[in-house]
Amino acid sequence: MKASVRMRAVLVSTASAGLIAACAAQPSDDDARSRAEQIFRESFTHGNQAMLARVERQDEVQALCSLYRNEPPREIAAKIERTQAATIRFPAQGKLMGDWRRGEQIAQSGYGMRFTDPDTKRPNGGNCYNCHRIAPQEISFGTIGPSLYGFGKLRGSGEAVQRYVYAKIYDPQASVACSNMPRFGHNAVLTEEQISHLVALLLDPDSPVNR
Amino acid sequence: MADPMRIRAAMDRGKVDIKVLMAHEMETGQRKDAQGKIVPAHFIRNVTVTHAGRTVLAAQWGTSVSRNPFLHFRFSGGKPGEKVSITWLDNKGETRTDEATISG
Amino acid sequence: MRTSGMTPRRKALIAGALAASLSVAAAAQDDTQKEIERYRQLLAEGNPADLWEARGEVLWKARRGPKNASLERCDLGLGPGVVKGAFAQMPRYFADTDRVQDLESRIVTCMVSVQGFSPEEAMKNPFSAPERPSDMEALASYVAGASRGMKLAAPLSHPKEIEAFRIGEQLFHRRAGPYDFACVSCHGENGKRIRRQDLPKLDDPKDAQKIFTTWPAYRVSQGTVRTMQHRLYDCYWQMRHPQLDYVSEASIDLMVYMAKYANGGTINAPGLKR
Amino acid sequence: MLAWAMAAGLIKPSQALALEWNKAAFETKSVPDTLKALGASGSTESGGVQITAPDIAENGAVVPISVESALAKTQAIAILIEKNPNTLSADFDIPAGTDPFISTRVKMAETSNIYALVLADGKYFHAVKEIKVTIGGCGG
């Protein structure tokens, strides 16, 4: 009885949308959070064990970003960025710029890692157009991320920029903790080589992005 | 048996305005099922609309009419309370006829 | 880059600095959006979901199952047999099952209790495939359509409804899987899109009232009506999660969370979408 | 296209009572072949044929298309989609008393020109419009 009264009070205090984020990390949410973890486990019972295990167990970054609703306190953000930066692996051969044509294919493709995607030989896509404007010919693009049209034209294609773009795709949380963008390299969605093709799509002067 | 059509027949500026939705898969014969097998073509070939014993529209369709087809057209000479009858016939010989009353 | 937070002056400065080619591109963008809007308007003159609604009504009134009974004695929350307006007060707590239920889980309950189906039979085919139509898609369309034009007023007063909201809120923000996605990754900001698809900010009443109230919906990309359960299942599929269990508690808690913000919106279901 | 066949004197009106389906025309794979199969090779472009459709379709599975003819004695209207596996999508006989207007929805495999072909007073006319088909949702 007492608990439900308290819950009601919390609900009233969070009724204003602006307050929800501010309340997110308060201990009063701990019980809801642990209940939610239990409900989550009970609501995903199909599929292979590896896939189930991967979503049931959040890694530290996922757990922190969920807890803080993607707005972590400064020191936690710094810690996330530091630990994530340390995980970035640059290509073994040192070649950061691949083929922009292959980059365009990867940017278009949304294939891979869904429970209906059994073809392990077909490479995963990057889903880039889902969120970004990239080459101007593609009019079906999303706006969750910024426009990347003209990216290389504005910034050049020197090694420093190449490293920046590669790192951003490999692990965007190395520079912006709790970014919405998937950690494509860190989470092994894309290979190092695939990321280098995306670097070329954004930076190569011949890429439609920069022409 | 196929589901009934949804027919809207209403007077509009002195003419009978017909809008119809038909429940049909309109399989192209090019789609593959989950097992990778081609799903055979299954589609409406003919649509006939009659009013007072007269054909007011006759259509032949191919496989590229959309699934659950929609059709809109108008004809003259009908009055509220009269009936309009629509029949479709598909490539497997299945057929369905539905009637609607023209509303004011 | 957070353009949304920019002052008008900064926006003007940046706009002024843009090359002429970019403004041409921007104009082309406006045209694209305008044509997509036109596409949606042209489709609106006939919604194939009408066919599902009609089939659902026949199914609702048909004697079926081991008990050879129709669903006309089903209690959707407003008493046995009341269909009109019931969807406008869902999800809600039901005393007989002692749980919060959405439209589909409640239909399953009735198919079991009223018609005598086993739960497995009742949940056998919730999402249709071509040549395998789903009764649930039709039944849900019928019940939702019977609340068309009414304002959504999902209750949030029973302790279990409040708990469901709080769990839904946690799940909405829970990031997991290889893409690090949570619901909020795509539904946390106004005015965003995936490809050309507009994304509602689901904890903003302005967006939620418009969107939550239009499911079930005929999806032209799938050629069938899809239900809210399918919408969530499909979202988790895109989020690279495993299959969300049908009428699972997580699915219902998320709906309770969304319904709070959608309350007050006018129901226009079954809708018509990409 | 029934009316056209009759206009060309290929079948007698009495035969037309049975439902005809122009298999040869529906199996064609290019605009010239479809026109030929319909006996409409001499068709000329006309401002009297108007296509109403969006420039961009959000999904190729359902593309709304209306065709209206301002030409006197319009007898038939057909819809052709240049880049579909089979070009001819639909054709409609328009008897006297029925408006020379038809609105329906078609599938488009990709961005393509669509042709609206009209038979009016025994002659063929057409209009063309390009419709772009976009990749929707999260893509494949």
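Lettered A, B, C and D in written order, each chain numbered from 1.
Convention: a residue touches a chain if its C-beta (ideal position, glycine included) is under 8 Å from a C-beta of that chain, and two chains touch if they have at least 3 such contacts.
No experiment lies behind these values; they were computed from the predicted model shown.
Q: Which of the two pairs, A-C or A-D, is linked by more C-beta contacts?
A: A-C
Q: Select the chain whose centre, defined as the mean of its C-alpha atoms, is least distant from the mean of all protein C-alpha atoms.
A: Smallest offset from the overall C-alpha mean is found for C.
Q: Which whole number of Å gives the spacing of the CA centres of chain A and chain C?
A: Averaging C-alpha atoms per chain gives centres 25 Å apart.
Q: What's the distance between the Cα centroids of chain A and chain D, rounded to whole Å?
A: Taking the mean C-alpha position of each chain, the two centres sit 47 Å apart.
Q: Roughly how far is chain C from chain D, centre to centre by C-alpha average, rounded to an integer in Å?
A: Roughly 37 Å, centre to centre.
Q: I'd like to verify one number: the distance from the centre of chain B to the centre of chain C, where each centre is the average of its C-alpha atoms, in whole angstrom.
A: 30
Q: If I count partner chains per residue in chain B, which residues reach a count of at least 2?
A: Only 66-67, 70, 72 qualify.
Q: Return the residues of chain A touching two or more other chains; collapse runs of consecutive numbers into ranges.
A: 129-130, 139-140
Q: So which stretches of chain D touch two or more other chains?
A: 56, 61-64, 66, 103, 105, 134-136, 138-139
Q: Name, in rising order, each residue of chain C that touches chain A in their complex.
A: Going by the criterion above, the answer is residues 1, 22, 25, 28-29, 32, 156, 159, 162-163, 165-167, 169-171, 173-182, 184-186, 188-189, 191-197, 199, 203-204, 236-238, 240-245, 248-251, 253.
Q: Spell out the part of chain C that touches chain B in their complex, as residue ranges.
A: 45-48, 50-51, 54-55, 129-131, 218, 220, 223
Q: Over in the complex, which chain A residues touch chain D? Could you list them?
A: 108-111, 125, 127, 129-130, 138-140
Q: Quick check: in the complex, which residue numbers of chain D touch chain A?
A: 56, 132, 134-136, 138-140
Q: Which residues of chain C touch chain D in their complex?
A: Touch residues, chain C against chain D: 31-32, 35-36, 38-40, 42-43, 45, 194-197, 220-221, 223, 238, 274.
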